[in-house]
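Some notes on the structure that comes next.
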Amino acid sequence: MKGALTPAAAADMIPDGASVMIGGFMAVGSPLRMIDALVARGARGLTVIANDTAMPGRGIGRLITAGCIARLITSHIGLNPETQAKMIAGEIDVELVPQGTLVERIRAGGVGLGGVLTPTGLGTEVQQGKQVIEVQGKRYLLETPLRADFALLAAWQADYLGNLCYMLTAHNFNPVMAMAGATVIAEADSIVPVGVIAPDAVKTPGVLVDHLLLRSGKGE
Amino acid sequence: MDAKELIARRVAREIRPGMLVNLGIGLPSLVAGYVPASLGVFFQAENGVIGLGARPPEGMEDPHLTDAGGGFVTAVPGAASIDSAMSFGLIRGGHLDMTVLGGLQVDAQGRLANWKVPGKMVPGMGGAMDLVTGAARVVVAMQHAARGQSKIVADCDLPLTSLRRVDLVVTDLAVIVPREDGLHLIERAPGVSVADIIAATTAPLIVPDDVPEMILI
Amino acid sequence: MKGALTPAAAADMIPDGASVMIGGFMAVGSPLRMIDALVARGARGLTVIANDTAMPGRGIGRLITAGCIARLITSHIGLNPETQAKMIAGEIDVELVPQGTLVERIRAGGVGLGGVLTPTGLGTEVQQGKQVIEVQGKRYLLETPLRADFALLAAWQADYLGNLCYMLTAHNFNPVMAMAGATVIAEADSIVPVGVIAPDAVKTPGVLVDHLLLRSGKGE
Amino acid sequence: MDAKELIARRVAREIRPGMLVNLGIGLPSLVAGYVPASLGVFFQAENGVIGLGARPPEGMEDPHLTDAGGGFVTAVPGAASIDSAMSFGLIRGGHLDMTVLGGLQVDAQGRLANWKVPGKMVPGMGGAMDLVTGAARVVVAMQHAARGQSKIVADCDLPLTSLRRVDLVVTDLAVIVPREDGLHLIERAPGVSVADIIAATTAPLIVPDDVPEMILI
C-alpha cells in the first residue's frame, strides 16, 4: 500500500483514455465515490471493463450518462437503456462477453495465464474470430486474458496495509480485479488498524492494493 | 391464475430435494415462491450467494445483499457468499443441478436464443451462456408466444445462447421435452387442447396419443 | 450434504484403483483420519493427486509406506525418500507437475475449463508431449484439467450442510479440490450447527461436499 | 561467519522496503533473519501465508501455521491466509517482487537447474518453476561449488527449471549478474580474489577492472 487518497486525487491519477476495471454487479460492490470523482473530473475516452453498467444514475451508469466511456467490455447492459442507445448510435464500442468468461479472462490476466479454454459460447456469435482448441476430444473457445491500467474496487472493510474484506453479494468481480490492474485503488466502508482483520478473513491481500480512498468525509 | 403464475408453479414441480438451483431474473425468479422450504433446496444468485432467501421486510434491506436483478433479498441459515469466479466455477463446472431461464426462442433442436434481438434489443448474455452450457439441467420458462408470434420455432432466427439442447420448456400452453428426434409435447395447460398448442407453435411437435393436463404445485 | 460417516465407512466407499485427490501441504491441512482409515482398510492401486507426500509416517507418507498408491500426480517428493525409492524401483508411477500448474489443473477440472495455458515449464522437461499454444505473441504450455473420483479434504470448521472454513496455511489445495472430486468427503476439526458460520467466512460452500466425517470419537 | 550466513547476509541487501518476497526452503530461508523489521517487507510462504513471521516460542506452535518446509512459523500483524490457487496466482501473475531460491547449477545464459539429478535425486520442482517464471526478480543463493565441482557452468547438464534468465546469483565466493552477453562478476566475498573465483568457476565470467568486496548487512 502506497497511501490513502481523496477521491479527487485518485481520479486525477487516471488519465483520459486509460483502461479501468470497475468492481460491482448492478452497482452493488461498485466504488461509488471513485465513480463520482471520475464524473466530476470529466474523464474521457475510458475503456471500462465491468460486469454491467447498472442503471442510469446508478454506479457505472453515471459514467455512461456523463460520456466518460469510449469502450466497454461487459456481460450485460439490459437494465441500462442509455448504454444500449449509445452502443447502437456508435458512441460507445461495446464488447459483450459471457459473464463466466469475463471473470475468467480477468483472472487469467491477473494470475499470469495465457488465456481461458471455455465451452461457453461455442457455436454462437461469441465464437467469431476466436481460436477453437481441442483438448481430450472436447472443443473449447480460446479467450484472451484481460488486464487494465487501473482496477477500482469497493470493499466492506480494509486495513491500512490494503487488506480487503467483502460482504455478501458485494464480492462479485472485486477479488479477481484486484489481481489484474496495474494500479489498484480500493474504497472501503470502513478502514481499521493493521492487525484487526484476522488472516483467514482477508479476501484480497494488501500486497495487491496500491491505494485506499481516505474514509468518507476525510480530506474531501 | 395468470400465465406467469401458471408457468412458475409448473416449473416448481421439477425441483427435487437438496438441489442447487439458479433462477434467472424476471419470470423464472417467481418459481422460488412455489418451492416448499421442506425440500432443502438452495438457490444460487450468480452475483454471489448460495442460499438466497425471500425479500426482506420493509426497512430491513441490506445494500450488500441483492439478487442478480439487483433486488433486495435475504440469506437462509447456512448460506455462503461467493465471488463471481466461484459462482461461475460452480455453474460451468457442472455443480449446479438446475437453471431456469427465460427465452426469446427455442427451436426444433431444443436450442435456446435469449440474449439479443439484432438491431433492436441487445441486453447482453450476462450469465445465460454459462448457465445453459454448464448446468446439469436447463429449464426454459417463457410465454408460448410474443405479439402473436410463436416463440417455439423450427430454427432460431435470433442469435443462439448455446448449442446445447435444453432439457425442458414450460410455457403458458404446454410442457415440451426436446430430444434428439425433436420436440415432444408431454403436457398441456389446463383448458388448452393439443390442437390449440399445435396451432400456436411453428416448430413441428411430436405428439403422443395421450397428453395429460399439467399438474401444478 | 448426504450424511456424516465414520472414517472406516468413508474408506469403504473408496474402491481399490480409484483416483483420489488429497488436500494438504506437508501433511498440514491433510485429512489424517481418512488417510489412516485407508491404510487400515488396506486400499490398493490408488491414483493419488496431491501437492506432496509429506514424510514417512506423516500424512500421505503413510499411504506410501503402506503400499496403497500405484500412481501419483504431485509437485514435490523431496522430503519423502520412500516415495523417491519406490518411484525409482518402478513401484509407483510418478508424474511431477509444477505446483502452480497442479493447482490450476485441478481448478480447471473443477470449474469446467478445458485446460490451463501457463508459461511455467516452457522449454523444460515438463514440456515433453504437450501442445504449445501461442496467444498474443507469447507461448504457453497447454496443461490438461484434472478431476478425480474422490476428493478428501481437511477443514478447520464445518457445519452440517458441509460448509467449510480453513485455517491459516491449512487452506492450500483443499478449496480447489472441493470442486474437482466426483464425491467429496471432508473431515473437520469441529462441526457446528447450521447458521453458526457467517456466509462471508465460508470458503467451500456445502453444496460441493457430499459427506463429512463424524466428529472424532463419535461412532469409531 | 560460515558460508551460508555470508550468502544470506549478502542476499538480504537486495531486499527493498515494502517488497513481497518468497524465500525457498533451506539456505534461502535464512535471509529473513537479516532483513530489518523496519523495511516493512512481507514474506510469502507459497503454502499459504503472506506475512510469515519468525519461529514461535517453544510450546506456542500452531499445527495450522507452517512454512513451505513444514516448519512452525508465526504471522505478523496484517498477515493474510491464502490458498494454493491464490498463492501461485500471485507468483505467476507477477505480483511477487522477489524470490530467493537454492540452485544445483546456473549456466552461462543465467539459466537455473534446481529440481532434479536424473537417476539420483528427484525431489520434484515444487513451486520452483512457477517462482522462476513469474517473480519480478529471481535471486539464486547457493554455494559456489559442490563436492569440488563448480555449480556455475557453461551449460547446465541437469534439467532446467526455466528458460528465464535469473537476475542475480549470490554464492560464498561471488556475486554474479547474468546478462544477455554472459555472467558479470560484480562482487567478491571478503578475502577472496578474482583469480580464486575464476579458478572455481567453469563458466566464462565477464570481469570488470574493479571487483569490490561484498558489503554485508
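Structural remarks
Going in written order, the chains are labelled A, B, C and D, and every chain counts its residues from 1.
Note that contacts are C-beta pairs under 8 Å (C-beta built on N, C-alpha and C of every residue); 3 or more make two chains touch, one makes a residue touch a chain.
Owing to the predicted nature of the structure, the values given are computational and were not obtained by experimental measurement.
The pair with more inter-chain C-beta contacts, choosing from C-D and A-D, is C-D.
Centre-to-centre separation of subunit A and subunit B, using mean CA positions: 29 Å. In whole angstrom, the spacing between the mean C-alpha positions of subunit A and subunit C is 32. Here the CA centre of subunit A is 35 Å from the CA centre of subunit D.
Annotation for subunit D: residues touching 2 or more other chains are 49, 75, 81-82, 85, 88, 91-92, 134.
Residues of subunit A in contact with at least two other chains: 104, 107, 112-113, 118-119, 166-168, 199-200. Annotation, chain-chain contacts: A-B, A-C, A-D, B-C, C-D (touch as defined at the top). Residue ranges on subunit D touching subunit A, taken from their complex, read 20, 42, 49-51, 75, 77-82, 85-86, 88-95, 134. On subunit A, the positions that touch subunit B within their shared complex are 25-29, 51-52, 54-55, 74-79, 84, 87-88, 94, 96, 98-101, 103-104, 107, 118-126, 156, 166-176, 203.
Of all the residues in subunit B, the ones that touch subunit A in their complex are 45-49, 62-70, 75, 81-85, 88, 91-92, 116, 119, 121-130, 133-134, 159-163. Of all residues in subunit A, those touching subunit D in their complex are 107, 110-113, 159, 161, 163, 179, 194-195, 197, 199-200, 202, 205-208. Partner subunit A is touched in their complex by these residues of subunit C: 104, 108, 112-119, 133, 135-136, 138, 140, 142, 144-145, 165-168, 199-201.
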